[in-house]
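Think of it as A, B, C, D and E in the order they're written, each chain with its own count starting at 1.
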Amino acid sequence: MPQTATMPQPILQIDTVTKVFDGATAVDRVTLDVAEGEFVTLLGPSGCGKSTLLRMMAGFETPTSGRILMRGRDMSKDAAYEREIGLVFQNLALFPHMNVYDNVAFGLRARKRTEGLDRKVRDILALVGLDGFEKRRTGQISGGQRQRVALARSLVTSPDVLLLDEPLSALDLKLRRQLQVELKRIQKETGITFIFVTHDQEEALSMSDRIAVMNAGRVEQFSTAVETYHHPRTRFVAQFVGETNLFEARAIRRDGDSVSLSVAGVDLPMTVAVTPGAGVRAGDAVWVAVRPEYITIGRAAGPALRARVASHSFSGATVTYALDSAAGHLLAQVPFRPGQGHPFPHGEEVRVGWAEENVTVIPD
Amino acid sequence: QSGPILHASWGGGVGDTWTVAFAGPYTADTGTAVRIVELPNPEAQFRAHAGDPQYHTGIGTFVQGVNMMRDDMLETFSLDEIPNMRNIDEKYWLKTEDGRIAGVTPYFAYYGIAVNTNEASVEDFQSWKSVADPKWKGRLGMTRPIYLSTYDLTILAKAAGDDEYDTAGGMELLKGMARNVLNVSNSLAQQNTMLERGEVAAMPFYSVRVWSLNEAGVDYVKILIPEEGALLLPYVIFAPKGVKDRGMVADWLNHIASAAPQERGAALSGYIPANRDAVATSEIKAKLGGEYDDLRARLYQPDWGYIAENQKDIVAAIDQMLATL
Amino acid sequence: MSRPLRIAVLLLPSAILMGVFLFGLVRLIGSSLLIEGRLDFAYYDAILSRADYVAMLGRTLRTAAMTTFVCLVLGFPTAYFVARYRGNRNFLLLLIIFPWLVSIVVRSYGWVVILGPRGLINSLLTWSGLAARPLKLMYNDFGVILGLAHVLLPFMIIAILSVMMQIPRNLEEASMSLGGRPGYSFRTVLLPLSLPGVLTGITLVYLMATGAIVTPLLLGGLGNTMLGTEIFQEVMHFFDYPKAAALATVLLVTALAVVLPIQILERWLARRLSDGGAA
Amino acid sequence: MITRYIAIAVLLFLPLPIVIVVLSSFTAAGYLSFPIKGLSLRWYAEFLGSADWLRVLGVSALLALIGACVSTAASFAAAWAVVRHNMRFGTTYETLLLTPLIFPHAAIGVIMIMTLSGLGWLGTFSGLVLVHCILTIPYAYRPIVAALRKADPALEEAAQSLGARPWRTFWLVSLPAVRPGLVTSLLFSFIISFDEVTVTLFLVGPFVMTLPVQVFSEVLESASPIIAAVSAALVLFTSLMVFILDRVIGIQFFVERD
Amino acid sequence: MPQTATMPQPILQIDTVTKVFDGATAVDRVTLDVAEGEFVTLLGPSGCGKSTLLRMMAGFETPTSGRILMRGRDMSKDAAYEREIGLVFQNLALFPHMNVYDNVAFGLRARKRTEGLDRKVRDILALVGLDGFEKRRTGQISGGQRQRVALARSLVTSPDVLLLDEPLSALDLKLRRQLQVELKRIQKETGITFIFVTHDQEEALSMSDRIAVMNAGRVEQFSTAVETYHHPRTRFVAQFVGETNLFEARAIRRDGDSVSLSVAGVDLPMTVAVTPGAGVRAGDAVWVAVRPEYITIGRAAGPALRARVASHSFSGATVTYALDSAAGHLLAQVPFRPGQGHPFPHGEEVRVGWAEENVTVIPD
């Protein structure tokens, strides 16, 4: 996994790019550096500007301001067909009047790179597991296979960067999981830089080297998957990436990289680590985020909170309890052991706690 | 070697007559090709292309000829250009006020009463007045108002003791006839068939149509000339104003005015030649029931100019009469 | 090329065609209203003051209305049957589309053959002894309406069918699962939802029927003149273009007076009935 | 249940006169009747032996062919502007293109006779082409615009992102994507034009007479069974087009809405 | 939760129902008893016959054989509109020409129960959280709201049984989760018997009292959610409901309700409990199912197996390892603790184990 610190010359640089449509800002001063061979995901809710950003990279929209550089060269003015950037569309956009082979060969023919074309097309079809499907029409193959054709079509010209706009969102869950694994494998094998758009946080977490979490046109956090999940820097990131319990708290004292907090409403002092740069000072109002799976019920480990079981929901390996507490509504996800039943029936009063190392502090 | 002359003709047999009787021999004699183009209504084309004629000549009823002449849509010729006109009685000429020839009448038909003798007897229709007899209710055919105005009304006025200048009596008879007519087609061809099949027992009709029925072996349909006479129907060949190749057209018209092609026309379709010199063969005499001159004498030639002038009003009057039946 | 210029170039061919049409329309109305360069309603006065023309106008509207009614009564059940047919629907569609595309001359002529005195029906009747003389099945209103209804029925069926096929079958099932008996389900669900198609069908059939020439001429008798045949007569025999233009304008006005409100109603309904595309 | 009976009756009733015409064309008799008297191909022989009828057939076919091509091209250009350039007042323009549909044909006949005589095109082939284009444009436009709306604009972007320049994109991707619409438009306007009578009736001239108008005049002026034979030829022609249409897009196209 | 054993007179009985379409059997001898007030889910892959079964209950299809009884009365011959059974369609089938109010009132009007209609409609709209939306057209509300209208429309007539055919499958994940909770609440509040169709196993597990897992027209297992997840009775159920690791094994010895096994390929003897009725005898080939979350890595707890880490995928709270072992390809899901990194890098050799109580034995 490339590390942000040791990154060499980035292959793609998005430099304070803004896009305004009819007065509405779709992309707002976004800056991103993408290293060669990296798998970067743009994650965010619908309408946050992911596609717009991607389309600017592909050359279908012109930035209102800012620059997009490829290996250091500003390519903002290049036409789409002049860029060495592949694009996989959400709806695939396979050419319906061509068979699988011709779809895949299209880019090579369009760029007049016909030397060794047949070999290249067959190799790439083999890579995506579609050998033998050359002559099929695009209407005669399954959804997952169509997906692979779209991928092969964009990969065969060996673009510098491959953009993928929610390529899996139309597929059902099982197929999606399977193609996630495959996509990741192909990216590793080809070494091509992938910029992947999704609004599915699980997909983002399981596939990406780094994730850019977007909200209302801005990038709120750009970090590795683990960092994004475990150390969200904004409330939006904490809530959008995975379920989370968020309470208001007040910083009582700051000691280097750790801070003592009192959770608003109940006096529940604790001392937790904060991101070194976070400007949290004593007396500040902050937000505290704890993932449901780090919430413990029953035993008062560390600071403990009184709560009442409102409902539970079984999901196989775990049971999720919805709890009402003085700090608000909480979710706690605990492993389910068969034969033990539900340890905490509806209405039962319990004590809720968490380990301090599992708490993230977010400045207000 | 020139041409071709484009001649606009009606369809339904008229075109064939013209090709065989007039155009073919003319081309053989002079080398000038003549193309006969069949149209539902040549006048329509002449009017649509007034000022930019597309045909050299065309056929029309006498009334159509008068109307177009008055609208200054026809080319006129001097007698010297069409010398054969001298052999055609001047009362058949389509001529301008200053005596120039606006059209050639090659032949005429007449308008009598066609009877299906299986359905009615010849005696039933000795007078035009019998068409108004209620006993024929639902048994007669009738043509469209445009022809009722010029033909039926005229001859019925004559039968009522008046003439084309005073049609009140004729209108009463026409009304009586119209009452006897139920559910009849717009199409003369369909009426022809109905007459043949006895769907209608009788109707005022064209002599030439009955001729062709007789030729086809339908001998039980007969054309009658009632005691008041039949209506003479001259046809006229005219050239549009500003016609190209004027000399050639004059020569073609002169050919049309001559006796020989008219005789052929009579043999083919039963038209009565307009040229005095035309002679009827004994076969034709038998079919027509006499010499051309005898026949001409039993036909009534009205003032077509007056009829044409008043045609619109008459049609309107008939339309309204029919609407209140 | 700039975007506006590009659009202009793309629109040019169709705009010329439509321009010619609209220009002709303006000329039509103009020539019926302008006599020697001055506005004059003489032609309209002449038309409307003649009882036979007024009667003809009435006959035209009545014939068109009857034809539309017959098409609706026959077309709706047919469309429903086809829309809900579970078997080979394409074959049924063929039975509708193919006649629709055959020239109206041929189809009207076919009726002449069927209805004529020695046509199919009369031959059968006389042969079987059911009728001594052939019945008069055409050259009357019956023939005209039958012919027009036959010629125009496919328009009605297609219009209704295209709407009905978009009504999910589920909706009727939903109604039934909520206790709606078949009649109730039809009245409250299927009928209102197919109304836009019905209105389109009515519009098309009515328009075509008012402006028909060929069928009334072939199947109608001397007494069945309609506006269309009168216009034809005026052009073909009297060459009175201004009068034909006035008659055509009357035809246009009366047709559009019926059709435009229906169109507006239909658009309004279509907007109300559409789901708005929400999933 | 009554629905079912009505529907079946209607479905049998619709093709009936056509079947009768075709059958009666095989009569041996000199007049038209049904059932036919004797079986013969004499009327076909007469039709095919007549230079006039064949010329008229040729004129009709050529007229329909040229008209269909012009209508289709004009519709394609217009649809491209409306859909791809997302033109302002696009729907208004579409409504305009459909107006010939909501004018009674008798009125259109008069409109056209005046227009063409104004242009000096009355009775000319070009005049007929012009009028037939106006009459067929609503039919030509619909399938094309439907195909264009259905064709994914992302296809063009996909082609560009794969390195295809604009013209190449147009030829390799945009055009093929709407091909079924274009073919439908061509066939559909061909049929409409080939079979048109009511308006054409007003406009025929010495050099241009169309088959349906000629048949119409003949039905009015004569009663010869040759009309049945010519009609049968018209029917055959139409069936051929319908067959191709069914092959290309499927007959259900006619009852689809966009 | 009603218990199978103590069930009173069932409200609905499906009695050996079969449905054959053109020679293809869509539903194959299905027998189910549904108790009043129960939430039963039909779960199975696409085409397994769920909708067909539901449509037979609703009265849109007639069983080829078998009976459907409502409170003991055979209603196989009743028309759909005579049954007191509501149906919520996958595509909702809201009446597009009516507003929300009229849609909901439809069933009362159709059944001529107009007394107190207004009150009932407003109450049910309040129940589904749509008060104030009465006059909206169905095109003017969101997907989730449309969903609620469909529900309200079917509930207002107080049917004896409400059938729901994949009512949530068109919605996106977040909305779906939210509506699952709400649906469950409404079912509890109204006390109406729900028969719910889905092919989403998480949805089935979290909502149902009992789940009927269907495969190729047959019901393979009909049991509570916990039972279905933890004690699948067939390989199909084990694999379809949740991820599972399945290996071939051989029964060495049977002792009452427990059996000693040897996992094929490696000698890994263990003794596990089996379902009392399961006809497993010594020498039988059986299948052994272990859920990925019960697989432990590194420590050899209980019988242990050698394996190599093939890949891993991060999903927030857990990391899933793909492992290659002598018993085949395995998945192991372990909790992820931030800061500890991934304990097992790619290629590392590990030892894999499981607690015997987490193993399910499935007869071959």
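In this text, contacts are C-beta pairs under 8 Å (C-beta built on N, C-alpha and C of every residue); 3 or more make two chains touch, one makes a residue touch a chain.
Since the structure is predicted, the reported quantities are computational estimates derived from the model, not experimental observations.
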item: Joint neighbours of chain E and chain D, given as chain labels; value: A, C
item: Common touching chains of chain C and chain A; value: D, E
item: Chain whose mean Cα position lies farthest from chain C; value: A
item: Farthest chain relative to chain E (centres taken as mean CA coordinates); value: B
item: Two chains sharing the most C-beta contacts; value: C-D
item: Euclidean distance of C-alpha centroids - chain A vs chain B, Å; value: 93
item: Intercentroid distance (Cα basis), chain C paired with chain B, Å; value: 39
item: Rounded Å distance, chain A centre to chain E centre (Cα mean); value: 29
item: Of all residues in chain C, the ones touching two or more other chains; value: 112, 118, 217-218, 235
item: Multi-chain contact sites of chain D, meaning residues that touch two or more partners; value: 113, 219-220
item: Chain pairs that touch, as defined at the top of this document; value: A-D, A-E, B-C, B-D, C-D, C-E
item: Complex contact set, residues of chain C against chain D; value: 3, 6-7, 9-15, 17-18, 20-21, 23-25, 27-28, 31, 73-75, 77-78, 80-82, 89-90, 92-114, 116, 118-120, 123, 150, 153-154, 157-158, 161-163, 165-166, 203-204, 207-208, 210-214, 217-218, 227-228, 231-232, 235, 241, 244-245, 247-249, 251-252, 255-256, 259, 263
item: Contact set on chain E toward chain A in their complex; value: 173, 181, 200-202, 205-207, 225-226, 229-231, 241-242, 291, 293, 311, 313-317, 333, 335-336, 338-339, 357-358
item: Contacting residues of chain D [partner chain A, same complex]; value: 152, 154-155, 157-165, 168, 172-173, 176-177, 179
item: Parts of chain E lying in touch with chain C, wherever the complex brings them together; value: 58-60, 79-81, 83, 85-87, 89, 91, 93-97, 106-107, 110-111, 137-143, 146, 153-154, 157, 170
item: Touching residues on chain C, where the partner in the complex is chain E; value: 168, 170-171, 173-182, 184-185, 188-189, 192-193, 272-279
